[in-house]
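Following this line, the structures themselves.
Next, two complexes with chain A in common: one pairs it with chain B, the other with chain C.
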Partner chain A sequence: MPVTSLLSDEMLRQVIAVGQADIAVGIPTLNHGGVIVDIVDAVTRCFRTHFPRERAVLLNVDGGSDDGTPELVLDPARDQRGNAGGGLRTVHRISARYAGLVSRTKEVQVAFAANELINARALAIIDPDCAVSPDSVAALLRPVLTEPCDFVTPVYARSWCEGALVSQLLRPVVRGVYGRSPLEPAAGEWACSARFASDGLPGELWDADLGPAGISLWMGTTALAGGYEARQVGLGLRPAPIRAMRAALPEVFSQVVGALFRSLELHAPYWVESRPPGSVPMIGQPTEAADDPDVPATEPLVESFRAGVRDLEPVLAEILQAETWQAVRALSESTEDVPAFGDALWSAVVYDFAAAYHRGAMHRDHLTKALVTPYLGRTAAFLAGYAGSPAGATAACEALGLEFERAKPHLVERWNPGGTQ
Partner chain B sequence: MMDMIAGALQEAWLNFSEGFAAFLPRLIAMLAIVAAGWLIAAAVAFVVRTLLALFRFNKLADRTGTTEMLKRAELPAADRLTATMVFWVLWLGFLFSGVGSLGLTGMEQLTSEFVHFIPRLFVAIAILIAGFVLANFAWRATLLTAVNANLPSARLLSGGARFLVSLLAVAMALEQLGIAQHVVVTAFAIAFGAVMLGLAIAFGIGGGGVARRIVDQHFPEKPDTKDDDVSHL
Partner chain C sequence: MNGRTSPGSPGDPLWYKDAIFYELHVKAFRDGNGDGMGDFKGLVSRLDYLKELGVDCLWILPMYPSPFRDDGYDIADYYSIHPQYGTMDDFREFLDAAHERGLRVITELVVNHTSDQHPWFQEARQSTDNPRRDWYVWSDTDDRYRGVRIIFLDTEMSNWSWDPVSKAYYWHRFFSHQPDLNFDNPAVREEMWNVMRFWLDMGVDGFRVDAVPYLIEREGTSCENLPETHDVLRFLRERLETHYPGRMLLAEANMWPEDVRPYFGEGDEFHMAFHFPIMPRMFMALRLEDRKPLVEIIERTPEIPAGCQWGIFLRNHDELTLEMVTDEERDYMYQEYARDRVARINLGIRRRLAPLLEGDRRKIELLNGLLLSLPGSPFLYYGDEIGMGDNVYLGDRNGVRTPMQWNGGWNGGFSDADPEQIYQPLISNPVYGYQAVNVDSQRRTPHSLLHWMRRIIQIRQTARAFGRGDIRFLKPANHRILAYLRTYEKETILVVNNLAGTAQAGELDLKDLEGAIPIEMFGGSPFPRIGELPYLLTMAPYQFHWFKLRWL
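For the complex of A and B:
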């Protein structure tokens, strides 16, 4: 698909007016009028303070806001507020809506297409639902400019019980299957090189609505499988959402776990071969999080797990292998306050789901949403297991990653039962 | 007297001989049509089954839940069932055509009716298959939604969704076939209406609290109400 066909006439006009650039920051928006001013100011200050000599572009891809978001981005008054750090060059701002259905995936694709024309060496994508600082944007962009690096993900200081979906599912699967994983494989903000963006334009998943986390996951796994240089950079405490946009858990699973399983399919030629485990190089040191967090109550999770396993029996029995299903059912019927959902069983469950997704055992959206129930059981076990001694939680996450690595042959065998790709 | 009897017998024999001589070729033609039809139907069924296997029709049936339903009904696999249906439709067509060639009174009309019935039969089968696929999809979607929303009686809700969609498909298929058309339509309308009215009354009387909880859950006063305290992402 030609790059220009992805851009609206308005976007193309503004991109042509800008010409060439060195760095760009893409901000996908949809009715973010209440927060966009602070984000634009932070990005502008980042450009002026950290990259005063670079030609910089702020690229707002709007999904059709009716609250004046594009006008706020282009407001000339922003020049005054963001000019505090000086700067030798004009900071260009582009804001236009795109054609087609509204989706975050489409917005990132349009940002890639625009970057193809302005030829910026480094492109950062910012999640407008979370606060950003000039320093955090600069930290994402800098490795792409200064190092042989194509993809940068952030590392946040988080307490051990935050981000259970990341620590219990996404990170271990990516590590187990691809041999290494960034600590935050589904962060809403990340940066990439011009080469990565250009290569990624003909990607297979642009038509899917993956959400911010799903896109990040797809991009990160693409970097790992495509042989791109990946880095992770510590950004301190994870910014709190500045807009109440909490999607329901089944929808999160549909987007994020769907993106994970789709990525496994796309990259199967890479990972079915045995690869030595490694790590994604870290730039700087991650900040330590508060070590005394409020541990969420596990009773609602356990109740949902038990009721879900009982009600979803025909669905889970179709997805899981017989012995895995028997073990999950026995676990749900155990008399323990919190059933001990162990690493080995959890990895078998997740890999069975991935294989069932690949063989098309059922409608894919149904399959990803069916994983919510086992996930709640596993999360409850994890939280209950380390509520009294959080020091062991980090080691437990490491052990979980090793278990997924160890169980990878189980996935390969189920993925490709005939022995041919 | 004897001459008259002999003459009558001779005439009857002659009539029989002439009639048999005229009927024999038609009988042979009929047997040939039926035998050739059997061979052709078997060959076409074989080709259909091979093509379905080539295009992994059974895998599609697995994904849509058709295989599961066929198993429950103790029917063969989807590709074999389709091939068998093709065989019987074709062979019955040849059979009626062969019997029609005998020139028996009424057979032409019967053959014509059968030929006109075939498209309706196929449409009815298509409606049934689509209906069962849709019913299975609705069942699983309802089940997952209800379970993930922590709704009580998730299996009852999803089973009800599957039953209603299946009922609708069967009624539509029977109407298409013209089998007890008025009875089927009337019975379906009464049954469907009764179920819906019953559900509405039962929910209105006994489920007011549940309705309130559902509305509160989906339209909370505070937009950031959480189902649990866990930070997932």
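For the complex of A and C:
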């Protein structure tokens, strides 16, 4: 019976040459030739300046670039550039492609598999579409090296109206269900311990293409549910993407919310138990963002919400409990400029979607995309509510998290209506 | 004696390129008269041991009369032997006995300065019109040569010291009791040549010249490495070459290789110079398990004239100097090799080889393997061939200058004197003490370090490529593997070292040597013929192989 290997022969050859290491940085790529040089240099400088004594490996897992990305990673000229800051050790660089369909999930899986042989105590995964600095990579790795810590997520300084998917959906769900959540549960970059990577290698979701945010979400919730020590570390302002990503919102929901709901399924034995709320320890202080942002216009969101409710009526009626559906429909029909989509209704909507996803009420991809409609209504309400007084937005997000915690029994009940798992 | 060809490599003026040197203190090697201090009579009685070891040339640390305020580097008479070491006849007897055994001898030549007890200085300070006055560097003020670095920062506040006798300042780059000679004075140059001639006539095979960068001073400069210094050196070399061909000058200049390079001149200054930066990088590469530090320093080492040679070493009579490393590297070395601060002195570590390597025989062998296979002529330090320990509590660097441990008996076989009379105590702890670590016990143990050292020296001497060959690094993907080719004329040696404490695999790109059969030099075993594909070697922890490549 043929055995499919995660590590290609080429990857294995390079891994053998590197041997054991102390730290590794995994960089999944696919045609990132335009940006990879800067990333490699930043990671190399990170190794040189922050971890001069550690055995360090840059691990590029490539999906089959045809723009020379692996060659740029391995370019000997990079040595000269990286060596400019001195450094005691050789900085090892591995670059090889993997077999099978291209997916970010597979790339992380291959990085985990390589680390199984390299045995680096700390492994960071970097999103090549976002700029990184030597300091930010080091900040992710260091807690794993120096503390009893298995998983580290970044905290970015965001304005109150930035990242609504995180503040209005991902973070409150994770907090409500798991009892605690990092501020950025779906960042594209994170770090983990060798133990975490090793334990995660047989994970169930490797065949799905979760995208960078979805993988991060899956890993983060796995850390919370698995009893691993998690930390979050402030990295300042989130760097602008160096390669623009214009995925449509439904596609984002398909990956990210899909990852979230699948994680809930996987971790149900953990979270259906009642657990006291807690927090993910923060290392350092998060930087405050300049609070003078351009607040997105709410009118298009409201229009999309109203149109979506009309168009998706049968779908939403199938997913949501009757009273929830009635409330949503009533909101969409209200004459207010921005309907007041409150916390309680929003948590009921999201939990209904999660339960329906679990029940297999309909095609899962359709289901996750359908959540976009109420999300737009909720986001419009949030933006409109604090556009004039952003100081209250942080407290509102906190209140939303508490509401999701309070409403968790509703999810448990809907998740498991028969009383058994 | 002119033109004498010493035994060992008869008639070969480049003998030093193949030689293995052995550095020793007369005071520490063997006491022949029972006064507690080593001497030349004692040394003569141990020459057979050195011959058995297989070394080619002895480097004798200062043996001149001296107040010993700097372990003999403060010379009070260049034309004599310190009475505690014996007489001039004893020295001649030693020299002849060494030559009879095929051993060459080089001695110390401290040219930059004398002791303040030297009669030259005592005369010079008597008056400003004394004929010797201008043999030293004087000034009415201490303002001259401002900004010149002070070398011994721990002890000296200035490069000038006040002489209350002549009421003037004298210049000294080292200790204040070591006034610098004035090499702008032709009489000083002539006198230094007379000193050299005196010992060359007696038969010494060369000199290790101390502190060469500092011979000349010029206002507005660092007073180091000045062109006029090279004039002095060319003067001495020309005289040597004319009157004593086949003798050798070895420079001590603790600098980066590119800065030492001028001291070879166009082959008309020094024959040899120590390559200081290689030494700490051997230790660094071993602890890092990474070939990077060694490859980098060797690749940045400039070419030297054909008749010249580097001298390399693992340890010597000084501290393991960390001057030629970056701050980051120094911190690393301190943390890894001298966590106990008492082991640190100046910018270095006052430990011997075996304690530095935690007594790990595999590491000791690997580092000696590197020493004997990298470019340059290796210098062994007495006692390291049996893994002697040290005593960091003896002050200064005396802890690495303890008596040689010959056997497990009275004073370790070093001296018949009362133990209290020995110039400094022997190492006596249960791990490295003379009862546990000594020549006699290792002679009786076939697999002792001593026997191993004899064997590797013997093997090195079967291949001239080690001393004279080029080096080409192979750089396999595994950075724990340090592999290189040493090639001289038709001889090619492949050296493969595993710097790691774990087993490693290395794939060597040897395509251009396709068809060659590697013959392992220690056992003579043939290995598979080299082909087009990468040559795979699996290496045990800290293992190394030397292969002679044969096309058969």
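Convention: the second predicted complex is superposed on the first by the 417 of 421 C-alpha atoms of A that agree within 3 Å, B and C clash if a C-alpha of one lies under 4 Å from a C-alpha of the other, contacts with A are read in each partner's own complex, and residues count from 1 in each chain.
Note that a residue touches a chain if its C-beta (ideal position, glycine included) is under 8 Å from a C-beta of that chain, and two chains touch if they have at least 3 such contacts.
From a predicted model like this one, the values you see are computed outputs, not experimental measurements.
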item: Fit or clash - chain C, chain B, common chain A; value: fit
item: Partner chain in contact with A:Ala307 - chain B first, chain C second, else both or neither; value: first
item: Touched partner set for A:Pro52, first chain B, second chain C, both or neither; value: second
item: Which superposed partner A:Met362 touches (first chain B, second chain C, both, neither); value: first
item: Touching partner for A:Ser136 - first (chain B), second (chain C), both, neither; value: neither
item: Touching partner for A:Pro296 - first (chain B), second (chain C), both, neither; value: first
item: First, second, both or neither for A:Gln255, with chain B first and chain C second; value: neither
item: Dominant contact partner of chain A by residue count, chain C or chain B; value: B
item: Touched partner set for A:Asn60, first chain B, second chain C, both or neither; value: neither
item: Vertex chain A, arms to chain B and chain C (CA centres, degrees, nearest 10); value: 140
item: First, second, both or neither for A:Val18, with chain B first and chain C second; value: second
item: Minimum C-alpha separation between chain B and chain C after superposing on chain A, in Å; value: 40
item: Doubly contacted chain A residues - partners chain C and chain B; value: none
item: Chain A-facing residues of chain B, complex; value: 59, 62-63, 65, 137, 140-141, 143-148, 150, 154-155, 223-224, 226-233
item: Interfacial residue positions of chain C with respect to chain A in the complex; value: 284, 288-293, 326, 328-329, 332, 476-480, 500, 502, 504-507
item: Residues of chain A defined as touching chain C within the complex; value: 13-14, 16-20, 52-53, 55, 86-90, 92
item: Touching residues (chain side chain A, partner chain B) in the complex; value: 161-166, 186, 213, 244, 246, 248-250, 252, 256, 294, 296-297, 300-301, 303-304, 307-308, 311-312, 315, 360-363, 366, 369-370, 372-373, 379, 383
